[in-house]
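Each of the next two complexes has subunit A plus one more chain, namely subunit B in the first and subunit C in the second.
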Partner chain A sequence: MKTSEDFQAAAEEKRIYDAGIEEGAKKLTPEKIRSVFNELMQTEGGARLEAYTKACVHCGLCSDACHHYLSNDRDPRFSPAGKVKQTIIEIVSRKGKVDADFMKRACEIAFTECNLCRRCMIYCPFGIDVAYLMLFVRRACHQLGVVPQYIQDTAHSHAATYNQMWVRDDEWIDTLQWQEDEARDEIPDLRIPIEKEGADIFYSVIGPEPKFRAQLIYQMAVIMHAAGVDWTMPASQGWDNSDMCMYTGDSEMTARLKKIHFEAALRLKTKRIVMGECGHAFRSVYDVGNRLLGWKMPPLQMIHAISFYSEIIEQGRLKIAEKFDRPVTFHDPCNIVRGRGLHETARYVINQVCTTFIELEPNREHNYCCGAGGGVINCGPPFKNKRVQSNRVKADQLAAAKKKGAEVVIAPCHNCHGGLEDIIRHYELGLELKFLGDILYECIQKE
Partner chain B sequence: MHEIYQLASGILVWVALIVFVGGTAGRLIRMAITARKKDAVIYQYFSFYYALRSILHWIIPFGSMSMRARPAMTLVAFIFHICLIITPIFLAAHVILIAESWGIGWAYLPNAVADIMTILVILGCLFFLLRRIVQRDVRYLSTPGDFVLLLVVAAPFVTGIWTYHQWSGFEIAGIVHMLSGELMLICLPFTRLFHMALFPFTRGYAGSEAGGVRRARDW
Partner chain C sequence: MQQRESWDWTAGTREIGDFGAWRTTYGYMEEPHVSEDGEKIAAIVRAEEEAYTVCVNGRPWENTFDKVWYLRFTPDHRPVALVSDTAMWTVAIDGTSWQNWYEFVWNTRFANTASHVTIAAQKELRYFVVTDDTPWQNEFFSLNHLIVSPDGRNAAAVVQNTTFPEADIGKFQEGCFTVAVNGEAWPEQYVNAWELDFSGDGRHVAAEIRTSLYDYTIAVDGKTWKKRFPCVWAPRFHPADNSVTAPVKIPGGWSLARNEEIIWNRGYKQLWHHMYSPDGSHIAAVAAPEFGKWTIVEDDRAWQARFNEVVTDAVYSPDGNRIACLGKSNEKWYIAVDDRIWDVALDMAWQPVFSPDGSHVAAMAEKNGSYTIIIDGKPIGQEFTAAWQPVFSPDGTRILVKGVLPEDQGGKYCRQVLEVERVAS
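Then we have the complex of A and B:
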């Protein structure tokens, strides 16, 4: 058995260089850390922080809930309570008297060793929200200017352009028209209605869709067309529903992003919002941004693509021409399953469209995280190897489903896709990865 | 010796009870006020239905996946906590003492049963101690305070059974029993033993958000 010294040594060896963390930390002084932290405690450190840090009896029941812990040979430093111990507990008990080196390590833990997936919350007898605590650390890191470079870059993009990928306004419209053109080769009367006032549905996507995965917009247009849906997308800012600022601790920016997204939908007088197959964006619109803006619930009905698919299939508006006949398995994304209970809805759609469905074990609320969410994949290349190694347990889980015959993994979330793609490649699992929309597009009656 | 006995069985009982009740109430009230100011969401999303739903799943043995995954821990934790709370309240000797001083009384446990329950509490403490030493993640998480607290909890039970059976030195054990019992009550609001009072709130809030907002199970 490895001792904690072995782990310590291994950690030193693996020390990762990140310019955002290193350069940011150079500007820190103990006084600055203390004053920023005390200010944060004054304004935001409330009853939840106190209850979560004080109710924990150090029982370790959360450890096995965490894929980082399970994948890193059960190194206790990766257990959820272990991460809390190394970060927020230290900061609180030392009243912010920590140094720059401490903050560097705390930053790495909070940003890259926790996906904020909240699985541990349902394994803790007290329901302690470790994601809340890690976000509190991230908020402190944000205010101190110590944030991994890649995710900070996406946050900058949000601030400058209101989208995650530095997509310019004309590029956005151009992409929609390009996809419409492409799709009209297949379905001549298809439209991607831009700026249509009074449409039933406002469809929003995440920045990476026009940037890297424009075919998803194409596919959704085909689905909308086949189901005869009255829909639209905005021509100006507010089209991007994603939000990395929520993960960098920049709450102010999150509120601005969610505001412009809701406002775009309201400006077009649409009846409701349908969001593409993304998990974190859903969390930010449904569970985080609304709170920051002072709304208990979103001001406009908004649903995830899964609910939308299920609805149009159930109403008979979307006809399945031929079922997808390769055996599929389904990865439950944290933000729409633990975050919105869409697990049964997703299974309904899968069973309507696919012939053979094989469950992952564990599944539904108990599914293991993809390892990419919570902004971890957005911390970029410096942390990629660590991220993939930190989710060996996911590879084992997928391999077990493959053994039962699964050939295709369905993951209705962009972050999950990124994470699972890397895992499937690294562990040579030989599984194909798809969005639910990919399968629907393949199987529906298009005319 | 007699003076210490007088102190421990007199004024200190009151001090312990007042600190325990006042400290617990005070701390909960302070947190409720802080929550009003800084965690407005708690009041917005708290739902009695979903809070209760969650709490029930977690106070019924094996009601959650987490508990089913660790049957030994679950069994010990339930037996330990039940015995820890029930034994002192329904112990014959305690009931009689209270009846004699305050004139109120209630049903009590047969002595043999109380003996077994006391031993179960002590064994539970040993189990948790062993767990803190042997299981790597729990050892990493444990602080010196956690070990002290185990001692604080075990002490009244060890000295209690000692006194009852009048094993050698039971006079001293009796005094230590009273003092350690009082110490445990005093510690409760100010140490991790406070998890007892926090449980319904943290669990209830987790359940409220899980059920009311996230529409998912949290057990």
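Then we have the complex of A and C:
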């Protein structure tokens, strides 16, 4: 059995250099750290922070809920309570009197050792939201200027372009027109309606779609066409519903991003927003950003693509020509399943479109996170190996489904795709990864 | 510019361009657009395989293009679209292309009452603005948030004037963005700049900026307010004295600042989209006095009316004595005027329009898939399958309604001039 010294030595060996953390920490002073934490604890922490930090009795029930803990040989420092104890509890008890080295470690824990997946919260007897506590640490890291380089760069992209991939305004429109052209080779009258005022649906996507996965826009256009949906996408900023600022702790930018997103939909006089297959963006639009702006709920009805697919299938608007005949399994994304309860909706769609469905175990709200969520994958190359090794339990889960016959993993979330791709490759699982839209596009009657 | 007085204000209904017939002529046609005076209806159509054009009142432009998008009408009623041939783009007005072509053009901008046309353009990955076929002298690494002055002669945009390597977060935070006015960049650079505003005379520009990741403020003609705030929203110029106001975040909420000093006493959960009455004597804004409850605030006094989802499209009457807006509660849209909510629940509504003397208000609305016009709270009784913003006559006695009649009434596009007193009473 490993001792705490063994774990400590292993941690030292794995210490990762990140320019954002290291350079940011050089500018810290004890006074600045104390001042930022005390200010945040008074203005933003309040009763919620106090209740969570005081309620934890270190019972350890959260430990087995955490894929980091399970994948790191049950190293207690990776347990949710352990991460809380190493960061915010220490900061609160010391009234912010911590040093730059402490902040470097706290930053690494909060940004790369917790996916904010909230699995532990459902096992905690007190319902302590560890994701909230880690986000509080991240908020302080933002205020202190100690944030991993790559996710900070993504936050900069959001601020400069209102999208997360440095996509310029013209590149966005050009991509839509390019995908429309491509799709017209298949369906001559297909249209990606740009700036169509008064359309029923405002369809929004995340930055990586025009940048790396433009075929998803093509596929959704075909689905919309087949279902006879009156839809549009904006030529203006506000097309990107994603939000890495929510994960860097830049709440002001999160609010700004959601404002422009909702206002694009309102300007075009659309009745509701359908979001592409992304989890964190859903969390930002449906739960976090809207409330930062003073909206109790989104100002327009907004639904995730899963709900949209379910709706148009149920209404008979989308016909399945031939079911997908390879055995599939389904990864429940944290933000739309634990966060929104779309697990049965997703299963309805899968069962309508696929012949053989094999459940991952555990599943639904008990599913393990992909390991990429919460902005962890956005912390970039320095943390990639750590991220993949920190989710061995996911590989085991996928391998078990493969053993039962699964060939394809469906994951209706971009970050999940990023994380699962890395896991499938690293652990040589030989599984294929798809969005639900990939399968729908393949199986529906297109004309 | 053709003055509104010279439009056809003869009461009655007139069909335009036999829309019902020509929309079946083309195998592919996009949604139509209508000129403000209602005399023209136009749509992007496919003229032949792989060739697109614009059909206006049933007559296609002589020229066809590989692509056509963003068809609109200028304030002087000319159809304008962005067009492409052999992978190069420009503007076509009334079917005639500008002489200069670019790798991409977008963001068509008009002044409300002027004939100038402005676009953003990109060539060889350099970004600039073009007004009436004349490009800016200077080009930038990126460009967005384009606006034009009230007379349409001046343009301003947020530009990136300094390049930085990928993922160089330090360089970014030094400030690489600024504002360019008619191609001339302000010397000061910011971490970010967002929404801009021109003064009424077009001589000054204000910008919403961030000087570090944490410090937000306003810059006017390149000079930054000394005070910093945790957040700000779009600035506006006073129409008479050119002072600048902006919603700013303060401890406990949002308030309004003029030239960096807080001028309202109350704090709001949210405060944005502020606007001046035409003479500048009043300021109104959309606000949430409490979390999740939205209304209009004028001169720091909130209406009694509350909406639980959103308030948008606020507008002052020309005399500055009245305010109208749209509000949404429980998934239905409503029109509100002077703190009174009209008793008509709608699926969608458009910005209300005041008569010149402010005595009447009209709004376009959609309900159960049909469009209509509501005047002073009362629908006009005619439904359309598509409709456009109504316009009051200069004397306010008549209103121009533009819409496509339902199929069972012929499916034609028509302009109707109605007697306001008759439909509003």
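Of note:
Here is the rule we go by: the second predicted complex is superposed on the first by the 447 of 447 C-alpha atoms of A that agree within 3 Å, B and C clash if a C-alpha of one lies under 4 Å from a C-alpha of the other, contacts with A are read in each partner's own complex, and residues count from 1 in each chain.
Assume contacts are C-beta pairs under 8 Å (C-beta built on N, C-alpha and C of every residue); 3 or more make two chains touch, one makes a residue touch a chain.
In this text, all values refer to a predicted model and were calculated from it rather than measured experimentally.
Of the two partner chains placed by superposition, subunit B and subunit C are both touched by A:Lys296.
When the two complexes are overlaid on their common chain A, residue A:Cys370 makes contact with neither subunit B nor subunit C.
Of the two partner chains, neither subunit B nor subunit C is touched by A:Val229.
Residue contacts after overlaying the shared chain place A:Cys443 against neither subunit B nor subunit C.
Of the two partner chains placed around the shared chain by superposition, neither subunit B nor subunit C is touched by A:Ile109. In the superposed model, A:Lys271 makes contact with subunit C only, not with subunit B.
Contacts of A:Ala55 after superposition on the shared chain: subunit B is touched, whereas subunit C is not. When the two complexes are laid over each other on chain A, subunit A has residues 43, 296 in contact with both subunit B and subunit C. Put simply, subunit A touches subunit B in their complex at residues 1, 4, 43-48, 50-52, 54-61, 63-65, 69, 74, 76-77, 79, 81-82, 85, 121-129, 287, 291, 296, 337-341, 343, 362, 365-366. By the touch criterion given at the top, residues 31-32, 34-35, 37-39, 41-42, 44-45, 54, 58, 64-66, 69-70, 73, 131-132, 135-143, 146, 192, 194-195, 198-199, 201-203, 205-207, 210, 213-219 of subunit B touch subunit A in their complex. Of all residues in subunit A, those touching subunit C in their complex are 19-20, 23, 43, 142-143, 145, 149-150, 152-153, 156, 159-161, 168-170, 173-174, 177, 189, 191, 193-196, 198, 235-237, 250, 252, 255-256, 259, 266, 269, 271, 293-297, 299-301, 380.
Partner subunit A is touched in their complex by these residues of subunit C: 27-28, 30-31, 67, 69-70, 104, 106-107, 120, 122, 127, 142-144, 160, 166-170, 172-173, 177, 191-192, 194, 210, 213-214, 216, 230-231, 249, 251, 269-270, 272, 288, 291-292, 294, 308-310, 312, 328, 331, 347-348, 350, 366.
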